[in-house]
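By written order: A, B, C, D and E. Residues from 1 in each chain.
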Amino acid sequence: MLAVDGLHAGYGALRILRGLDMRIERGEIVAVLGANGVGKTTLNNTLCGLIRPTGGAITWLGEPIAGARPERIVASGLIQVPEGRRIFPNLTVRENLELGSYRRARRNRDRNLERVLIWFPRLGERLRQQAGTLSGGEQQMLATGRGLMGEPQLLILDEPSLGLSPRMVDEMFGLIRRINAEGVTIVLVEQNVVQSLGIAHRAYVLENGVFALSGPAAQLVADPRLKQAYLGL
Amino acid sequence: RAQPKTVKIGLIHPMTGMFAYNGAQAFAGAKLAADEINERGGIRSLGGAKIELVVGDSQSKPEAAVAEVDKLSEAGVACFLGGYASGIGLTASQAAARQGVPFMSDTPVSDQITGRGLPGVFRFGPGFATITTAALDALVAINDAAGKPAKTVILVHEDGAFGSGMAKFLAAELPKRGFQVLDSIAHPTPTRDFTNIGLRLRAARPDIVMPSSYLNEYTLLARSIHQHRVPVKGIFSVIGGGASNFKFIREYNAAAQYIMDCNHWIDPNKPRSKRFVKALEERKVDLTYEVMLNYACMLLIADAIERAGSTDRAKISAAIASSTFEDHIMPYGPTKFVGGQNQGAQPATTQVQKMDIEVIWPQQFATAKAIFPIPQA
Amino acid sequence: MRLRSGQAGALFVLAAFFLLLPQFVTSSYWLGLWTLTLFYALLGQSWNLLGGYGGQVSFGHAVFFGTGAYVSAVLQVKFGFNAWAGAAVAVAAGGLVGAFLGAVSFRYGLRGSYFALVTLAFAEVFRVLVNSWELTGSGFGMLIPLRPGAAHLQFTDRTWFYYLILALLAAACALVWWIERSRFGAYLVAVRENEDAAQALGIDCFRVKVVAITLSGALASVAGVFYVQYFLFVDSHIGYGPAMSVNALLAPLIGGAGTLFGPLIGAVALGALSELTTLALGKTPGVNLLAFGVLLLVILRFLPNGLMGLFRGRA
Amino acid sequence: MLADPVFLLAVAFNGLTVGAIYALVALGLALIYGVLHIINFAHGSLLMLALYAAFFLFTLGGVDPYVAVLALAPGFFVFGYLLQRFVIAPISFGRDTNVLLVTLGLSIIFDNLALYLWTSTTRTINVPYAQTYVDIGVTAVALPRLVALGAALLVGVAFWLLMTRTDLGKAIRAVARERQGARIVGISVEHIFAVSFGLGTAVVALAACLLLPTFYVTPTVGYAFVLIAFTTVVLGGMGSFIGALLGGLLLGVVEAFSGVLLGESLGQIGIFLIFILVLLFRPTGFFGQRVA
Amino acid sequence: MAVLEAEGVSKRFGGLQAVAEASLRVEPGRITALIGPNGAGKTTLFAMISGFLRPDSGSIRFDGREITGLAAHRVCRLGLVRTFQIVQPFAGLTVRENIAVGGHLKEPDRGRALAAAAAIARQLGMEAMLDAPAQSLTVAGRKRLELARALATQPRLLLLDEVMAGLIPTEVSEIVAVIRAIRDAGVDILLIEHVMQAVMSLSDDVYVLNNGRIIAHGAPGEIAANGDVIEAYLGQGAAHARG
């Protein structure tokens, strides 16, 4: 479904990604792990067209999209829930969600809105509140809900559990499973290594601009290198 | 003797900015005069040297005007002409005085221009005091002739140096001449809307409205008075930007009808004036006071240079100061400068009658009789 | 922090250039242009202190400039003050207007474009007021009587005006240089970047901003005083009109806002630009300004960080 | 005079009709201002260009300004769109202060281009209905004034609906505060900027067509309206269209009354005093909202 | 005597009672944690304590001194400093300059404040980024910067709002050690955290906020076993221990 070959990207002279290769198959949950600042978010943003790659190819649904405009990429169903939420603080919760279907699935807006509100009842209580005044965790829910409003084929989640309470984290992971079960392919970037590997089919580990490790999640959990680097065990 | 081929005259006119129209008009007047002089052989005492006009755009700002004065005096101009607005005229003439170049003011009306005693600063036209006195004389005469129908007056004026100056003089003088000033309404330039002034005038019912504004505001004001059917016996403006502008009369004839204006104006009876008017028509230049004054000033300067027989600035300055130049188009007698101010200068009072601007006062220049009060249809 | 040798060298060359300039420039036109350029740089530096370092973008810097010009003019003309004394009061008045404006607008947390427009509105209020008030000469403006002599802050030899504005600008730059290296400067920049964070770190944002606007107002009124002594005339449009506000922000923005020499470099560049266009295209009115506008856009296109960006990019 | 209720009503109503034009100019500005966060210095110049366009359509093509609006509004939309997308955006690199300078540069260019092409002569048109009066009881109002008032109300409401009820409007508001987030949901930020600028310019064209029958055109005519439009925008509250509309109308009325009380010249102070008072007691304007 | 005492503090936003009659105490020498579900009102309570929001009712005392309604910068000068959950860097400044701003609270000299900034960065493992502009930091980097800046003010009491969010477990352990060291240096700490691994290992005292009310208070062990807390906050998943 998504193929990344020899991807290079960075900020000006700063090279962050140096030749990534990655394959995502339809229906998978793939975890991307890595220490702080290795470039996970950079990878996401490059996939979504927010950063122009300096080299390599991205093939999505059989088409090259490296360097394509973000709105085109979104329209084709590759959607991300970004790091730092990036919600619209001056719009109401409802309007934020509605804009989730700005490019896609506008027709199913009402139905999708209902679904999102079932998943995140807290948002339902706050539909008319200015999104900027939501608590940190609530904003995270909103960002996730907004991503779902576009009926993604591939949903990239950049640290969706950030700032959520343990109970909400559990619910979030449960939700990811459910969305996946409904046919949405998922790329999950997480610091919460144990739980992400718990739900992921496969995982990639990013180090020094390349994937140092990859493989089935179950296998990686037990990998001593991973344990040492991420869990400090 | 090696004679210079040209004599440079610096024109300090606002070619851009708020007063760009006035600057363009002023330039047209100076240009016409210079062309005529050059065609007739230039400055004879300098071996037929031609007059070369050098434009310094004041951009309607004093700083720019001063910079242009400096620049042009270094470029060797023999004399300056211009100023237009009082603020620009005051600063520009000062800079010229510092450089020792004579400065002829065209239209600034502030009496400070010559009142500061700067050497080499002249004004050919009349200032505030002269204009207002003349205006009052005319007003009284016209009113008396009609049997004194008008007793009350409202002044409407732009709030800069020129309009405020007029209004201040008039407000002080009108009561002495038997008129009651009901109100004095200042408005900014630009003013977006004159409806309120129209309403206020209609409510106050003055016999006479006396406006002093720039062209655009004048036009809006006249339209507003007309539209609100303010029941006035006469509109008598003092340096009204619009009343003596043919464009306004063509385009808003109904609103312009019977408006009187005491302003810089030519003596229409002089043969030279008739030639002047014709020449302007050929050049498709509106006949406005900026054109007239600049034309007249240019002739005066040329005459002074002719008499000085030199491009030396001090000599030209002296020649201007002692000028008795007569062959101009204005309704002035022979020129006589005292402290830089031409003593013979005086305005004319005109009135819009049908499609024409007629001079109605002073009597010796008049081309028509005043129609006052406004006939009620 | 001490100057690095490179900076010291540059500073020396700069100082030498400006100090010796009148030796080479004998044309009073050119000297006048340089004087005006330094005047714009001073005005720009005052804006830069508040807008560049403090991030409080003002569109109404004329309110300070005009206050300086008018107060010194009124004191001389109507109250018979000596020009120097009038100047001192005028500068204090400019600072006071700054403090007042800052106190009312910052107290209510006005920021960004709001603040910009409030300054603009204040300038307009002052403009209308001086234009209608007898004391300030109403529509006539204020004309300072000629009284040549250093005692009256009037110089027949304009070289002295040049040195005067040079000294004033140097003092303003020294002030900004000192601020850049002080705690106050660090606070000012912090307030520009993020007020919430600044507050959390113990910064009294309100005070910092009020001090900045007071200093900025005083500096701008120095420029106002200079203008009045140089041209001996001011009216409401010159003093409080939008043109001067635009002049105040143009030089630092073109040169590089929030940098010490940005305003000076910007003023020189703008002066050169307008001279060049007038020289090349001055014949038809407006065409030179048109070219000026186009070149302004070209500069922005290629130097988005202002001219100082050039130097920084290299360093 | 001031005790006469008919007079006062007439003044008030006149203020409303003048305020309508302010509101229209301000609506365009509010949109541009709300999205780009920056004062569009070229706004007055765009108004001037639109006035010239309407003027020449009338004098050369005999097209009535009220008909011309059908061509000029879309035309200026496209002009504004292209201007933002291919001039302002590439030159300013999205930096607020640079946008400011670019629009300043544009206004210098437009003003002097107009001066060069069309000279500084004041131009006016004469349409028969400019002299048509409608008696509304307290006063007779020139027909063009009434039309302008109606149009301002309509456009104000239309804008409000656009901004709150449509995706385009929500996208415009979203882009105003969170550009990265907007890209993430597939909003083309460049497009939205340009659309906002285009819409703002189109409204200016509309204002020009409504203004021309009772006003004049010169290369500097725009300045008469920009300052007041800025004031209106802030008074109404940033990004609020109902605010811009009501702000414009209020300013018209305040100006009318303070003009009557203090004289037109000093009366200008009335506008700015109201402005300052509002800012002091309601710093976000009438309808502005503050986001933490 | 408690360093910080909040008593019956309440805050309302429109129809929403964000904080209701909340009371808590921070004892000297101890690390106190404030936990609770998303939207419980933790950040709001922090904002009131640090002077960013004025409480509708209730009183807050710092070091025995009433600070209710005191402006934020004054509270800070008394030695009570907060960090922001939604990070607020001075984006255009470098990391060094960011930290120095905090240092200036006690150190007027620019040079010394910058030098002190470098020392603090070293302590937090940020020396590699000293000259990077703050806007190029990742979210985790910015969180660390928040902490560094707050520390630079040499506070008496530090309010940390989710400084560990987004860190990988090894990094969490590092920060935990840093916070302990800060405590050992005599700075008292009140922290909001969802990373239970940190809460459990760090804190001496835990308060649980739910719907604006304190629903439990006690040692970490007690809290983890509290049925209400599990229900409202930890969730059943917490039964299988994490971290």
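Note that a residue touches a chain if its C-beta (ideal position, glycine included) is under 8 Å from a C-beta of that chain, and two chains touch if they have at least 3 such contacts.
Remember, predicted model here, so these are calculated numbers, not experimental data.
Visitor: Considering A-D alongside C-D, which chain pair is linked by more C-beta pairs in contact?
Guide: Higher C-beta contact count between the two pairs: C-D.
Visitor: Let me spell it out: compute each chain's centre from its C-alpha atoms, then which one is farthest from subunit A's centre?
Guide: Following the centroid criterion, the farthest chain would be B.
Visitor: Could you tell me which chain lies farthest from subunit E when each chain's centre is the average position of its Cα atoms?
Guide: It is B.
Visitor: Need the CA-centroid distance for the pair subunit A / subunit B, whole Å please.
Guide: Chain centroid spacing, subunit A to subunit B, equals 75 Å.
Visitor: Can you check how far apart subunit A and subunit D are, centre to centre, with Cα atoms defining each centre and the answer in Å?
Guide: 43
Visitor: Between subunit B and subunit D, what's the gap in Å when you average each chain's C-alpha atoms?
Guide: 36
Visitor: Among the residues of subunit D, pick out those that touch two or more other chains and give their numbers.
Guide: 112, 115, 263, 265-266, 268
Visitor: Going by the contact rule already set, what residues in subunit B reach two or more other chains?
Guide: 16, 20, 23-24, 159, 186, 188
Visitor: Taking all chains into account, which pairs touch?
Guide: Pairwise, the chains that meet the contact rule are A-D, A-E, B-C, B-D, C-D, C-E.
Visitor: Can you tell me which positions in subunit A touch subunit D when the two form their complex?
Guide: 48-50, 69-71, 73-75, 79-80, 82, 85-91, 95, 98-100, 102-104, 106, 130, 132-133, 146, 150
Visitor: Which residues of subunit C touch subunit B in their complex?
Guide: Interface residues on subunit C, with respect to subunit B: 27-29, 32-33, 36, 128, 131-132, 138-141, 143, 145-146, 156, 158, 231-233, 235, 237-238, 243, 282, 285-286, 289.
Visitor: State the interface residues of subunit C toward subunit D in the complex, per the touch definition above.
Guide: Counting only subunit C, the residues touching subunit D are 57, 59, 104-105, 108-110, 112-114, 116-118, 120-122, 124-125, 128-129, 131-132, 242, 246, 249-250, 253-254, 257, 284-287, 289-290, 292-294, 296-297, 300-301, 304.
Visitor: Quick check: in the complex, which residue numbers of subunit C touch subunit E?
Guide: Answer in residue numbers: 1, 181-183, 185-187, 189-190, 192-194, 196-205.
Visitor: Applying the document's contact rule, which stretches of subunit D touch subunit C when the two form their complex?
Guide: 33, 37-39, 87, 90-93, 95, 97-98, 100-102, 104-109, 111-113, 115-116, 227, 230-231, 233-234, 238, 263, 265-266, 268-269, 272-273, 275-276, 279-280, 283-284
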